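Common to both upcoming complexes is chain A, partnered first by chain B, then by chain C.
What follows is the complex of A and B.
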């Protein structure tokens, strides 16, 4: 059995807004195994990014607040650490890549300065040693002429190069967990392929676990070992990537798979999920997906189903699946 | 005989690069560099390429929203402009022509005026062209919004009250208000969520059928284009590298760039085996495009001739055009 590097237990993150409190992340359990790539999929506003910010304890204060749960990193609860200890974890044990590489890099400092800062802070590298390490890192992520780029500023680089610089920075201290929040969404397909290839290779080489947050199921199919699908703040389905793609059980996952045009033949009608994601202010009482579901039942309106494990770690939060399972069991 | 609704002949659009105190022109960004194609009536033509390859500029230049640098465009049997012959429609004629040619934009947040009500947005064109009076126009707007899947009561609301997908529906309703024959969709679903993308795409499909529309669909998403379009043009640095029916193009891509582009699509299933061609480097700057074939700096099959000579466009199968020295 693979060892878990990160265990999230019952995480609840709330935000206070002018219209009252909203629960962006609602009672989430998530395990990330050592050296494996875990995909977190969902539409905008479903709480994927808030989950990642919660792990890093970067939820914007004072509006946001982690009100319940545990985040165990190597059996140590990150939520119990004081700010100073947490700072030692960030960038060192756990690091993060963001969606928009231009806003994540500081425009007034050189690439070398920004990577070097991390190295100096966590590893105490200075001067020539620091510079050489920076060049080495840039080389590793496939940047051409790294000894020049190290003295350049972010605006001199293209989007794909900037994202590679971000990866170099994130991997500078050999973290055990890398959180990548939509790392390729802003990039073109050919550049996306380059960046994904690099991330996959480095994860294997350094045995780094990755939490890959994305809305692109293609990227998940490409990269991940395990997947969790989120809807309206909750995990609705979780499992091994093959199980999720070959045998999606939750109606939301099924709908997402069916609405991808790559598998639909020309002339066939694209199936789509009707309606929209409910507002966090105004959540349905029962299952959050019930208003859009193609197979709603009476109980779905009343009670939230539990996330139940079926076989092989495949977990689903759906009444229909649960009843089906019970029936088979009783027979 | 095929009925060509739109014919574009060697269209060019250069943007000047200016420098210094006197804004001296020091060069050109060749955003669109000599492209020709046609669209048959009732057809959906897809324009794909990476960012900065000139897809959107092509769309806008066709509509004469950007001043063309060269070439000609003929729409429905009438010339819109012909730069070489110094001919263009007068402003009034052009305004009339625009009724038949509408556009749906990418960013549903930027393309709707936040200070106008939805009713005003949708009826603006009808009132401007004096097709209906105010009351009739409002009725028509309600009808259109319902057709696009929004409640008729939306006409009183303002854009900020809607989500991205709903705003895009408003944009679509607006584009249909004048009963156009031809629509340019400039990445209409790129800014939307996956499940909403499918909704908007099926809506567009239905409307295209219902209103007998012809569509130029600009997108960077190859899966969507394959599914949605009849014929596809692949652009690289302002020029077409390959044009063909979507079946030809996806089953038998000829140009190395198209091959690389298709291989870069993430696989659809985790078990799928995919041979990947990873292109080296980035797209060169259009201000200083490489000599010869523009793709030669990244091409895996580059030969000496590619660095010197611009390849000719050849028809390798019926309706399948490729510009490459390999063939």
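What follows is the complex of A and C.
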């Protein structure tokens, strides 16, 4: 069993809105193993990004608030750190890649300045040493003629190049955990593949764990060792990538798998999960997925099922699975 | 990889000279293409050179009176004639330029420093801080400028320093508002969040990442602010509340010529300072407009 680099226990993140309190992340447990890539999948608005912001403690204040839970990074609870210590963790131990490479770089500074700033801040590198390190990093993420690019401005680079610069920046201090919030959504498919390849390679080379947030199942299958599926602020299914893809148990995961376009034959309609994600203001009492489920039961309306582990770390939050499992167990 | 880096570093020195095209360089190029802005730059440069080099350019002393030689028409000796005390008008005009330009610069610097600082802090932190700062701005905006300036000048006494301070302190609210609005939009951009995720402190984020993005607006405002600083100096001096005689300024030269006889007979006493105020303000405004167009990232040629 690999050591966990990040352990989230019972994380609850709430937002206060004009219509009252809303729980964006509801009692999440998540373990990320050292050097492994963990995928976090789910629909828009299911709490993926809020989870990542909670880890970095960047939930927009004062509307958002982490009200419960623990985030253990190397057995140290990040939620107990003061702001000063937390800043030392950010960028140094844990860093983050954002969704929009177009806006995530400051337009008025050169690439070298922006990467160099992080190096100076966390590693105290200055002058030539700093510049050399920047060039080395750019080279590592596969940027052609890095010694020129360091002196260029973000608007002179393409989206894929900028995302690579972001990765270089995020990896500049050899973090142990990299949070990638939909790193390839804004890129076209060929560049997407390159960027993912680079991330995967670097993860292996530097033994960096990655929390990959995405809604692209293809990316997950390609990249991840483990997957957690989120729905309406909760994890509904979790396990290693093979189990999830070969043997999805939760009806939501099954639905997701069935709605992948490459499974559909020509002339057939694309499958989809009917209905909409319930509003966070108006959560059903029981299972949040019950209104859209293809196999709803009476108990689903009444009680939220628990996340129960079946075999080999495969956890599912579903009454139907739980009952079936009990029956099997009883025999 | 270490080897690779070492190899690269030898190339760096070669490359360093050739930098990327920054927004500023693009802006400078666009500015030079703008004829009005170039006109403004040229005129302002001439004015600045004239006032800085005043003692070298004119043979006369600023306050040297010659009562046998009053109200002389422009001639070879006195390019713009002499005034009621026989002082050379051209000499006083270029010395007056020193006062007007420095009042414009200093008062604008005061207002820009206060305005940018408070605007940036308010815009970035929002909430209570922003509320307090913006209410102060509202209060300052309620003050009628000339009445306040006259009152303060009357209490503190007329002097060039008082003019600078008064006009600086009364004009920072508008820049604070502009900067606050800009900061509020810039801080929502993702690179600010990225800098947070990289562990920068709020102060570093404001000064090193947000303000450089707001700089273009500040520069444009500063040029236009200098113009209004010069105007208010001229106005206050004209009312006798600015620069004291015998120190000349364009405003008090106008005020000295303010009698029927001079207005009818001695045009060289009031046309040149008036014209210079006009031309200076016009050039600064041309330059300001040119800068605004040049530094606007939305305009791409």
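The definition used in the following text is that the second predicted complex is superposed on the first by the 327 of 331 C-alpha atoms of A that agree within 3 Å, B and C clash if a C-alpha of one lies under 4 Å from a C-alpha of the other, contacts with A are read in each partner's own complex, and residues count from 1 in each chain.
By our rule, contacts are C-beta pairs under 8 Å (C-beta built on N, C-alpha and C of every residue); 3 or more make two chains touch, one makes a residue touch a chain.
Quick caveat, the model's predicted, so the values are computed rather than measured.
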item	value
Joint occupancy of chain A by chain B and chain C, clash or fit	fit
Contacts of A:47 with chain B and chain C, given as first, second, both or neither	neither
Contacts of A:286 with chain B and chain C, given as first, second, both or neither	neither
Vertex chain A, arms to chain B and chain C (CA centres, degrees, nearest 10)	80
Contacts of A:56 with chain B and chain C, given as first, second, both or neither	second
First, second, both or neither for A:221, with chain B first and chain C second	first
First, second, both or neither for A:248, with chain B first and chain C second	neither
Which of chain B and chain C A:239 touches, first, second, both or neither	neither
Contacts of A:183 with chain B and chain C, given as first, second, both or neither	neither
Partner chain in contact with A:110 - chain B first, chain C second, else both or neither	second
Partner chain in contact with A:122 - chain B first, chain C second, else both or neither	second
Shortest span in Å between Cα atoms of chain B and of chain C, once chain A is used as the common reference	5
Contacts on chain A seen with chain B and repeated with chain C across the two complexes	none
Residue ranges of chain B in contact with chain A within the complex	50-51, 163, 165-166, 193-199, 201-202, 205, 220, 222-224, 226-228, 246-247, 260-261, 263-272, 276, 278-279, 281-283
Complex interface listing, chain C residues touching chain A	1, 4-5, 8-9, 11-12, 15-16, 18-23, 127, 189-191, 193-201, 208-209, 212-213, 215, 297
Residues on chain A engaged by chain B in the complex (per definition of touch)	43-44, 144, 158, 160-161, 188-194, 196-197, 215-219, 221-222, 224, 241-242, 245-246, 255-256, 259-264, 266, 269-274, 276-277
Complex interface listing, chain A residues touching chain C	56, 58, 62, 87-92, 95-96, 98-100, 103-110, 117-118, 121-122, 128, 131-133, 135-136, 139-140, 146-148, 151-153, 156, 166, 169
